[in-house]
Amino acid sequence: MTAPLPNDARAQLDRLYEEMRPKSLYPLWEVLSALVTPTPRSPAQAWKWDYASARDHLLRAGDLISAEQAERRVLILENPGLPGSSGITPSLYAGLQLILPGEVAPCHRHSQSALRFVMEGDGAYTAVDGEKAVMRPFDLVLTPNWQWHDHGNHSGQPMIWLDGLDIPTVRHFDASFAERLEAAEHPETVAPGDSTRRYGRNLRPLRGSTADRRPAAQPLFHYPYAEWSAALADLAAAEAPDPVLGHALEFLNPATGGPVMPTIAAHVRLLPAGFETRPRRSSDGTIYVVVEGRGEAKVGDEVFTLAERDLLVVPSWREVTIRADSRLVLFGYSDRAAQEKLGLYREAVTNA
Amino acid sequence: MTAPLPNDARAQLDRLYEEMRPKSLYPLWEVLSALVTPTPRSPAQAWKWDYASARDHLLRAGDLISAEQAERRVLILENPGLPGSSGITPSLYAGLQLILPGEVAPCHRHSQSALRFVMEGDGAYTAVDGEKAVMRPFDLVLTPNWQWHDHGNHSGQPMIWLDGLDIPTVRHFDASFAERLEAAEHPETVAPGDSTRRYGRNLRPLRGSTADRRPAAQPLFHYPYAEWSAALADLAAAEAPDPVLGHALEFLNPATGGPVMPTIAAHVRLLPAGFETRPRRSSDGTIYVVVEGRGEAKVGDEVFTLAERDLLVVPSWREVTIRADSRLVLFGYSDRAAQEKLGLYREAVTNA
Amino acid sequence: MTAPLPNDARAQLDRLYEEMRPKSLYPLWEVLSALVTPTPRSPAQAWKWDYASARDHLLRAGDLISAEQAERRVLILENPGLPGSSGITPSLYAGLQLILPGEVAPCHRHSQSALRFVMEGDGAYTAVDGEKAVMRPFDLVLTPNWQWHDHGNHSGQPMIWLDGLDIPTVRHFDASFAERLEAAEHPETVAPGDSTRRYGRNLRPLRGSTADRRPAAQPLFHYPYAEWSAALADLAAAEAPDPVLGHALEFLNPATGGPVMPTIAAHVRLLPAGFETRPRRSSDGTIYVVVEGRGEAKVGDEVFTLAERDLLVVPSWREVTIRADSRLVLFGYSDRAAQEKLGLYREAVTNA
Amino acid sequence: MTAPLPNDARAQLDRLYEEMRPKSLYPLWEVLSALVTPTPRSPAQAWKWDYASARDHLLRAGDLISAEQAERRVLILENPGLPGSSGITPSLYAGLQLILPGEVAPCHRHSQSALRFVMEGDGAYTAVDGEKAVMRPFDLVLTPNWQWHDHGNHSGQPMIWLDGLDIPTVRHFDASFAERLEAAEHPETVAPGDSTRRYGRNLRPLRGSTADRRPAAQPLFHYPYAEWSAALADLAAAEAPDPVLGHALEFLNPATGGPVMPTIAAHVRLLPAGFETRPRRSSDGTIYVVVEGRGEAKVGDEVFTLAERDLLVVPSWREVTIRADSRLVLFGYSDRAAQEKLGLYREAVTNA
């Protein structure tokens, strides 16, 4: 409401409000300015999780609860500004998952789209629709909407990865479906690496008599660290960093040329030692993992030091500057994919 | 968690949880079954608003608060299952707006996409990017994302319409931007009816030297009752109703052949007297307005009688059956547009 | 070749050419300037067909040959610059078809996409995939790629329409497929007007249990004169004509918001009496039918007078100016749809 | 026409035809069966060019005519069934280009889309919009529609490549535009390899302040042999060949997930020694280059032996079987991209 009311009118209004409430009717003018804001006012906070500390708790959970009991043994990274939501931003979820040697996370599928980003360990697998991907540190693995997936760790060491999902978005739209496969593991219907071989290098299978093995809409699900880090290093060797983003590459769905999943976009960035990005805002809330190096992120007025494997969340429209103390490599994911589809995405750079 | 734990383990876990909480770490296994459900479990309730009662409150608000004070004089239809959310479903908003003779709702634009559906009154206008649409009962008018719009009532009678917006979705993505035009009214840059003349009948302007006047992505914003009711009546005269939906037509964006806006789809349905739809579920939460006739809606186990201008909300995945006591005409809008873009939409019919 | 050669080299080259010829090898440098021209140099000529004269020949053909004998009794309008090609432009075909009372053109389907534009007569029908459209003067009817179609004339008068097809384009790509239905007429599976009722006014069927009756990619095939001429007249009553095109509306495929068929675009234009368009070139060769009025078209250096039902072809990139002596209404179709899909379309206006 | 006519009617018809001819009117019924055929009847012939023989003629042309005189020193591979057309199929062009050490082919751009496939030589370059690609044997390089390109050979050996263009298609649509840059070479605006680094591995540049350097619609133009042959070999090592195509990968435009250019699709295939494909027809006319190995192609009733660097054209809808005597690697390009956009593409496999 634009102006205060005389006491009398105020009282009458309050009476009206009281009468309306049981009928589920409420005055817009009392809340309009909070509903339609001139710029985003996210309830989420900028926040950083020290990997060492989170890892310690996760391993303790590993001692206390079996994979079988937990179904998925995961610590949720819940944004302190969104208590009870299980969200790291209003639209996205993040968790750290532990699979101990010999464990299996049983096969299921659901409406939620997921990515896995390997934090440590080497040799566990994710299988998607019957194709296994062996996971190595900093590999990106997708398990898109309604595709069967299971995980297992036949290596000799614990495996920890970051789970990034669109759980809050699927809940927002009341559209969660899920089911479990009767067997814990999906039969291995194709050899590991099949989709990478078929879609790995700006090539795709020519149509023949063999049916395509992966959904045509999302043919690739494994983006190995060895590949993306080499591409990023090549870029950094050849040119100056972009002043706003540094060297930055987005993971691409080869079927569309767009983001990896309809709700989630993912990218990697490399900032040379000593480089500092220009301040930038964007309407997508973003989760970062430090893959390599040390540095500092300034988010609004808060400053976070960054060390290897730390996790940082930057809510929508907070101004961010990142400084690299040593060569700094970041992985990030956000809801930009959904925002672009719905016509909502914006970004702005603060000019020097 | 799949099985109860021994007391000892439980206690150790609880200690772990307590230590983790300050670090914003939470156990997924305690909440997983609520986050990823086998089918949608919307917190929203099915609910009906009697128009007469809501109207009465709205007119009283009209006595107590001026349009100028309210900026928008609107009663929010808040779902009783979503208290404090201002949402009629988790993703959509609905409100009843009153503009009294002589009033103007000042010009602004915002990230939120809106539709107006006229409940009563005749002759007020909505102007979108400088083009006025004169609003008559049961007309549908769009004010899409980031297009300037203002309303005014130069007729001699109060005007009430339903506002349908994607406010909760824009908030979910933390992507609200808004601004006001300095002037209350946008200059009238084209004659009323311009976009309808240009896009009204499966025709569109051929490119010439004259710039297109409306955004190419959304060229049409006025769908008059006279047009849609005639189309629906023609359909009903020519064929038997579909057993699941009755006679049903969706409003179409002529630039894409898809739903009217990226986040909202809208449709109308006609059920002949005595007709009853087969039970159906869909993952989009839907808001209905009774345009004509009487009948009954069964939503899950609840039964709602329907009379002219009543408003009904059906949450995601509730089984719905609608029975027409007289010829029954409904207008509906939902978040199906967004769900389809994000790969989430589903529907199912209960077979006889 | 950029420069003349000494006689000796010329002779050696000629010997080389002679030796290469049996091996199907030819020197590009002798023809490059004709293959890759700075602007289009169409072999097609601008040409006008007087309707009265063409009609006279067509009726004589009607006396001499039965519909059964002819399969399709059509006079091809072949461009005099493209002898033997049966094309009115290099990519399109045009013909005048006559169906006498009682005749039927048997049901078939083919890769070629076709439009019919009614020149005279009233009450014959085209049936597309089992839905009949009753044809009235200046109606546009589509029979898209691979849809069953048959025609019949149960009225008491001869019916003449223009056939516009992409025959040369399908031949260019060696992609002609065709088959005949065993029966002469396709069973009438839906009532006439079904698709218009369902897609006629920026509405489309909502998905129900009833399968869509027309191909989802092309749901509408009848664009009646009564509809398009009213839309054009409304436009002309409300605003000044565009200086380049006059009042111009393109027929739209409601499933895509694009041209009516993948290879052919169609439009109508209205020029007020006394109006003259600014000179314009475009890379699509266009065929015009004068629906109403008199005027003059200047194409390059040639001038054509225009009278009702005359047919005019304007090849690619010829500068065109059209002057209306009385209110002039034109129907036109061209290959712009294909050119846009292939990234080839261009247009340019000569500035005053 | 379906049946013979009595002599008298025939004579009358012939008189009618004679009178119509000066008016550019022709009887469809005399030619309909040739215009709309039940299956494609391409005038093109299957044909093979021995590389050694073509190369010999090309080198002789190199002695007789300078690059400067020729502008492009190319031997056209004209289909013997399409005399005078300069086409290898009705819609596509192929030529063998020679650039001698020290020569430059000056910078120009045109509506025609082109690909280059390197036959021999190592180290010449193609520059596209100011980015150089160093060309090695069997590399694929694109110069899409309206992008500046020039070639130069600063290596010490002759360079020969295959030019594949859509010249006949651009001519078919009368849509040829071309212009020369004033300078022979485009300034080198980015370092070689830039686009490959940025789009090479299912990654793409994230938007920053640096403008994208290549057209967003076609960001990649160099597909090195080292990359595609490794992908093909990986595929062959991992699985059995598809019975219809062998191991087959299509080159992909990373911006769309579709064919490399709007008018041309390109692919590579590997057939293990002793493998024979099942007979197959498709509506795209295809040009093959033998990259490696020996074998035999049966096209309709004709048999062609295949040796390294030989060139073979297979017209639309001819049944093809390919047999590999040794491991056989083929590169192919066709007009499938255009046919799919226009709704014309078909293929069929002969069942065993």
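Letters A, B, C and D mark the chains as written, and numbering starts fresh at 1 in each.
In this section, a residue touches a chain if its C-beta (ideal position, glycine included) is under 8 Å from a C-beta of that chain, and two chains touch if they have at least 3 such contacts.
Note that the structure is a prediction, hence the values are computed from the model and not measured.
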_Using the contact definition given at the top, which chains are in touch with both chain A and chain B?_
none
*When the C-alpha atoms of chain B and chain C are each averaged to a single point, how far apart are the two points in Å?*
42
*Hey, how far is the Cα centre of chain B from the one of chain D, in Å?*
51
*chain C to chain D: how many Å between their CA centres?*
29
_Contact pairs between chains, per stated definition_ = A-B, A-D, B-C, C-D
*List of chain D residues in touch with chain A within their complex*: 191, 193-194, 197-210, 220, 223, 227-228, 230-231, 234-235, 238-239, 242-245, 248-257, 267, 269, 278, 347, 349
*asked:* Could you list, by residue number, the parts of chain A that touch chain B in their complex?
replied: 1-3, 5, 9, 12-13, 16, 19-20, 23-29, 31-32, 35-42, 44, 47, 49, 53-54, 57, 60-61, 64-65, 68-80, 86, 89-91, 93, 95, 110-113, 145, 167-179, 262-263, 283-285, 315-317, 335, 338-339, 341-346
